[in-house]
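What follows is a single structure, written as structure tokens, with notes after it.
Going in written order, the chains are labelled A, B, C, D and E, and every chain counts its residues from 1.
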Amino acid sequence: MSLLEVRDLRHAFYRVPVLNGVDFSVEAHEFAGLVGPNGAGKSTLYNAISGLFIPDAGTVTFDGHDITRMTPHERVALGLVRTFQMARGFPKLTVFQNLMLYAQDNLGEGLLASLFGSRTGKQAEEAAAAEALAIAHRLRLDHVIDNPLTALSGGQKKLVEIGRALMARPKMILLDEPMAGVNPTLTQQIADHLRGLNADGITICLIEHDMPLIGQLCNPVTVLAEGRTLMKGTFDAVISNLDVQEAYLGARKEHA
Amino acid sequence: MLSYLVFALITAGIYGILALSLNLIWGAAGMVNLGLVGFFAVGAYASALLTTLTGMPIWLGLICSMAVGALVGVAATSATLRLRGDYLAIVTLGFAEVVRLVALNERWLTKGADGISGIPRPFAGLLNPAQFQIFYMVLVLAIMIVAFLLLRRIDRSPFGRVLKAIREDQELASFAGKRIVRFKMIAFALSAALAGLAGGLYAHFQSYISPDHFQSLLTIYIFLAVTAGGVGRPAGAVLGAFLVVGFLEGARFIAHIIPGISAVQAASVREMMVGLALILILQFRAQGVLPEQRLPAPKR
Amino acid sequence: MIPLIQAILNGIMAGSLLAIPAMGLTAMFAVLRYANFSIGALATIGAFAAWYANTVFGWSEIPALIAAFVVAALVGMLVEQLALKRLRPAGALTVAIASIAASVLLENVVRFIFGNDLRAFDTPLVRDWFFWGLRVGPQQLQNVIIAVVIMALVFGFLSLTRYGKAMRAVADNPDLARIYRMDPQKIAMATVALGTGLAGVGGMLLGLDSAIEPMTGSRLLLPIFAAAVLGGLGSIPGALLGALIIGVGEEISLLFMPATYRSAIGFVVILLVLSMRPQGILGERR
Amino acid sequence: QSTGPIKLGTLTPLTGAGGPYGPVMAAAAKAVADQVNAAGGVLGRTVEIISEDDQTNPEAGVRAARKLIDVDGVQAIMGTWASSVTTAVAPLCWESQIALATVSGADTITQLPHQGYLFRTQPNTALQGRKFGEFAIEQGAARVFFMTPQTPFVESQFGAIKAAVEAAGGHVDLLVYDDKKSSYRSEIDEMLAFNPDMLVLGGYTPDTTVLLKDVYRSGFGGKLLAFAYSVNQKLVDELPADVVEGIFTISPSPAEGATGYSELSQLINVTSPDTYTAQVYDQINLILLAIAVAGTASGTAIKDDLRQVSQNPEGVEVANAVDGLQALAAGQAVNYNGASGPCDFDAIGDILDCQFRYEQVKDGTLTWLKTA
Amino acid sequence: MLEANAIVAGYGAAEQILKGASLNVQAGELVTIIGPNGAGKSTLLKTIAGLVPAKEGKITLAGQDVTAQSALERAKSGFAFVMQERNVFGMLQVKDNLELAYSGPRRGFASARDAMMDRYPVLAQRRHQLARTFSGGQRQILAMAMALLTKPKILLLDEPTAGLSPKATNELFDAIIALRNEGMPILMVEQHALEALQISSRGYVLVAGKDAATGTGAELAADPEIRRLFLGG
């Protein structure tokens, strides 16, 4: 049984169909890729998997649980965390606080622990803080760590988005175009880190339009188009597919 | 004059507790409680009825006013905690109205518009009125300070951080794995308990309460206090409460200085000044006098 | 059956009074994204302006209505300019609270000038029309019609005209609006003029139906706000619908509840509706 | 405190629900003080009135009272209107040994342990209810409907009306409404369903105004009876003539021929002052006379000597403080009969006896019918 | 055409993000700014467009000093700007976004809009959709279409290809080249840095609020140090 299994997922917004029976699965410990033209339904698929809305039909199972109708936090509790394509975050909270909020099972967050300072709570909090600082450092966010999110550049917000997913250390991370807007050099370093996480056992699914990056990281790659699964295969199989080239990659013109 | 100041401090202390209550729910968790005065009233009636009807000791009455405030608060709002903020605002507004109507019309319980008089005062037999006032001032301010310290602790704690996250974007908070309904419920219960406690303290100070005591004007005052003092910071809430009481009382003296105006004009000048003062504060300090603090990350 | 129909008619007539200021509130919310609670006091100011025009200058109803609109709009713009505008970056709730402070201020300016005495318009009262055992008030019917017409005009303006769309664009994203050559300041002012002017008109109609004193408007602030929320803050037809539902709900409740609990019923109705439609009846989801 | 001006406070509603009443009350107290000061003051000291606003809200009322007592050092507070405000302020007064004169109606007020520091000029509410009922019967009504907002005296008032009407074989019914509404159409439908031939209105001016308009629109054909403090000349002037024509009003009143009421009317330049104004007028006159008799200006003196000037059988009848002070100076005892009634008090501070003035709106003016 | 000289700017009173950045764009030139995240690239574009006030320095457009002008005035004098974030009116329908963006005479609107919809069919298919429900890529396309509808004198683009599929990215670059060839000066920030530099006449590398390096697109793309630090290899 796959770690994440999506079966025949269908959804329409105001009668406009967006997902037309998506089948999609990710095995445990995989670093899966998800690509497809703009508007194919990739983010919408993530939304359904993570619980932003309940799909019209179809099922989502994760780690043996049917999560189709669960609330978002229940899915997180099972170990499924996502990032957003349009970076969101808690705007008035600092980068540090934003990161800290993604630490899972932080015992310090209980009211009583907060009020009376339990030992375990304090330890959990300190461990999370150390982790948050390390992640911020890796993402080059040290010097803005105390900035509220509203005072970040567009790329920095995307970095925080990545950072939050890293904080969670879940079973599986769904990344939605994390690198769009991130400087290429930093992208490489983050890619290395993600690969390391994956090696540590965290399953990752990545939506990206940066084909070289997908090629570097992902196997297998699933292609979504018009709300359906077009194909699934290795990166090379995918880019050599004519339909994919037609719909997604486009013929490459030489620039004068 | 001294006893007047003592009295004003008691009032400010009670307003301060209410402001702390509002600041917790609104400033930290972003839930707009337009029915604050309703919880204040519930607390006041709870302790007043229990102590007068069953002879319960006052300290127990005060604890009950917290418990009843919290219970009623959660019961009234649990249905809306999943919903967006505006609806909580309306529901709490309605709650306060219902409390007022029940207090007014259910005579068998609340004695209706007559109100409940003869609510016991602590140590009333031992102290003369002046001593009692001073004792009560110390009591109220001490409770306020304890509440302040606890709330400041919450404000800076991981729990407070989650509340603030819910305030900023509750949907996203649930994607961060937070059980938002649970957090909101705890916060609301805590806030309602505090408002109830303020009500209980008020009842045992005044020894008389009636539906007229609990007009929405008080909610407005507290909102003004929290806004002027600084939303999202317990110290701001307390400062704001003292500022508002200062304005309310100080404006009396100024209004009387203006020559040639009638009593009703003086009264309107007084209220105008209160409105104006708050607008002016906000013009110069839109975030309030003591704006929300951002805690720096620990050093590596 | 007759009492029920009569109660519904009564509710529509009572609700239409709330509708106009509720539309003003919601129109401002649609564009500026904060609830301007000064509409209570501005309704009072509109009522006093119309009353002054009517009893002192002898103006008839329609010119007096225009006076109510204009005066309330001018004062509303002044409040926006002097007290609220600069607070917008501090957040919607800060502005809303400041508008309450402004409301306290305005109400007492009125009290300072006119005192607490009740005043009434110099217009004849008309007896109800009776048919099939029902009765309706011609003046109240007229209020219903005015409310519907205003609803249609404002709704059409906001959703069909370019200026109306620009208003919504400014609400959405002021920086982007500037890049696309819209002036957020001007548009905000126009919206405030529209919204507070409507509050003024509502105040006058309220005054025609009841009496005018410094609290005329603020007395009804809560039901007005409730109507706007019920209909979905930001939705013009929603405000009308919300007001009518509250009106009808309250009147029907009188058939089986003591009259004193009437205003609680309004809130029960709101709770019921909102638990089914959390975004308000016609509200857009955010 | 025995030098400087004698300080008295008014604590009337200047804002909030009681707003229509408080300002004139405060003005009346001030006018009496001016009058007395012009005539040389009391005990050789001038009288100073400090007016505060109770906002029709006991919470605010207590704050204002504290300021009057602790900062201004007043010896008496006059004019508290809402029963809740009076009840809230009363303990402050007796603890500080300050006299409290009120116009509130709730029966419970005089039962407070006020040790004599409290007195009220408003007649007992049950008595008023009985007068309503009796008058209704007198007017030939067999079905009487009482509409009132929620007040502390709804029950006692309605009970008295009911007793009076049912004793004569009539029927009564009651509707308690919410006084903050802008229309009462459905309430009126309920009233019409009872088919009354007299409607008794128990509210205050703002809600009564709205109610009267809706009653008119409904084409109700029966008679209307209201308190004179709600259907006052101001309301009669403001509402269209057909709406108010024929309404009966009832108010506590001094004995026929007493001059207090007309003197008050002249003093404050108001055609027919409402009962609350008349009562405050009486309160300050009584308090000043009591101070003069006692020879000291203190709350205790007022409490102790009030009945010396209000109901002294040997006293000469006076209707204002200036005359009374003169009489006292001349060594005479005085018996004050005021603008609101004879002002005689029982042991707990309620008025002993009172007459009522009945008026009817005729051609747009309140016209005297009888005093009984 | 556009010249920004020693710009100092930032957010709030104290903060300095730009510490004396300068650049110029000549008529018919496509100029690209690259740099690490948080370097101040967007801030520079916003300062040029007037959304962030310049504390020091001077900005001229076609020889005219616009430093003191508001964003509104600059927009009127011919700046078009596709922002990095929040670049469409999310609460409005697609067709209303286009209508508000268009700035020519009223009767020319229908044809201008139809031309734009021909170029980007997704806008026609989804004309009634609220812009905020657009996918990331669709949104970028709408933003670009809106900017073009203003018929600008100069085009400022902040990461226009972020979120676009490879195919759409290529198409957009083609469109940009076509505009450049029509003589439109374009100033662009890109993280698809290598591709962007390849089609640019000149480029600037912005680091920590200052222009650290400049040269023709090809020169910069070939510089090994710049490749290592900013181009990812």
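Here is the rule we use: a contact is a pair of C-beta atoms (placed from the backbone, for glycine too) under 8 Å apart; a residue touches a chain by one contact, two chains touch by 3 or more.
Keep in mind that what you see is a predicted model, and the values were worked out from it rather than measured.
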item	value
Path length in the contact graph (chain A to chain B, fewest steps)	1
For chain D and chain E, chains touching each	C
Pair exhibiting more inter-chain C-beta contacts, C-E or B-D	B-D
Distance-maximising chain from chain A - centres being C-alpha averages	D
Rounded Å distance between chain C and chain D, as computed from the means of their C-alpha atoms	37
Length of the line joining the C-alpha centres of chain A and chain E, rounded to whole Å	28
Centre-of-Cα separation between chain D and chain A, whole angstrom	74
Mean-CA-position distance for chain E and chain B (Å)	50
Multi-chain contact sites of chain E, meaning residues that touch two or more partners	none
Where chain D touches two or more other chains, by residue	14-16, 19, 22-23, 150, 176, 178
In chain B, residues with contacts to at least two other chains	101, 104-105, 262, 264, 267-268, 271
Inter-chain touch pairs (all)	A-B, A-E, B-C, B-D, C-D, C-E
Interface residues, chain C side, partner chain E - complex	162, 165-166, 168-169, 171-173, 175-183, 284
Residues on chain C engaged by chain B in the complex (per definition of touch)	83, 86-87, 89-90, 93-94, 97-98, 100-105, 107-109, 111-112, 115-116, 222, 225-226, 229-230, 233, 258, 260-261, 263-264, 266-268, 270-271, 274-275, 278-279, 286
Complex interface listing, chain D residues touching chain B	10, 12, 14-16, 19, 22-23, 26-27, 30, 50-53, 55-60, 62-64, 66-67, 69-71, 82-85, 87-88, 91, 95-96, 106, 108, 112, 150-152, 154-155, 176, 178
Touching residues on chain E, where the partner in the complex is chain A	11, 35-43, 84-85, 122, 129, 133-138, 141, 158-159, 162-171, 173-174, 177, 191, 193-194, 198-199, 228-233
Partner chain D, residues of chain B touching it in the complex	1-4, 7-8, 11, 101, 104-105, 107, 112-115, 117, 129, 206-208, 210-213, 215, 217-218, 248-249, 252, 256, 262-264, 266-268, 270-271
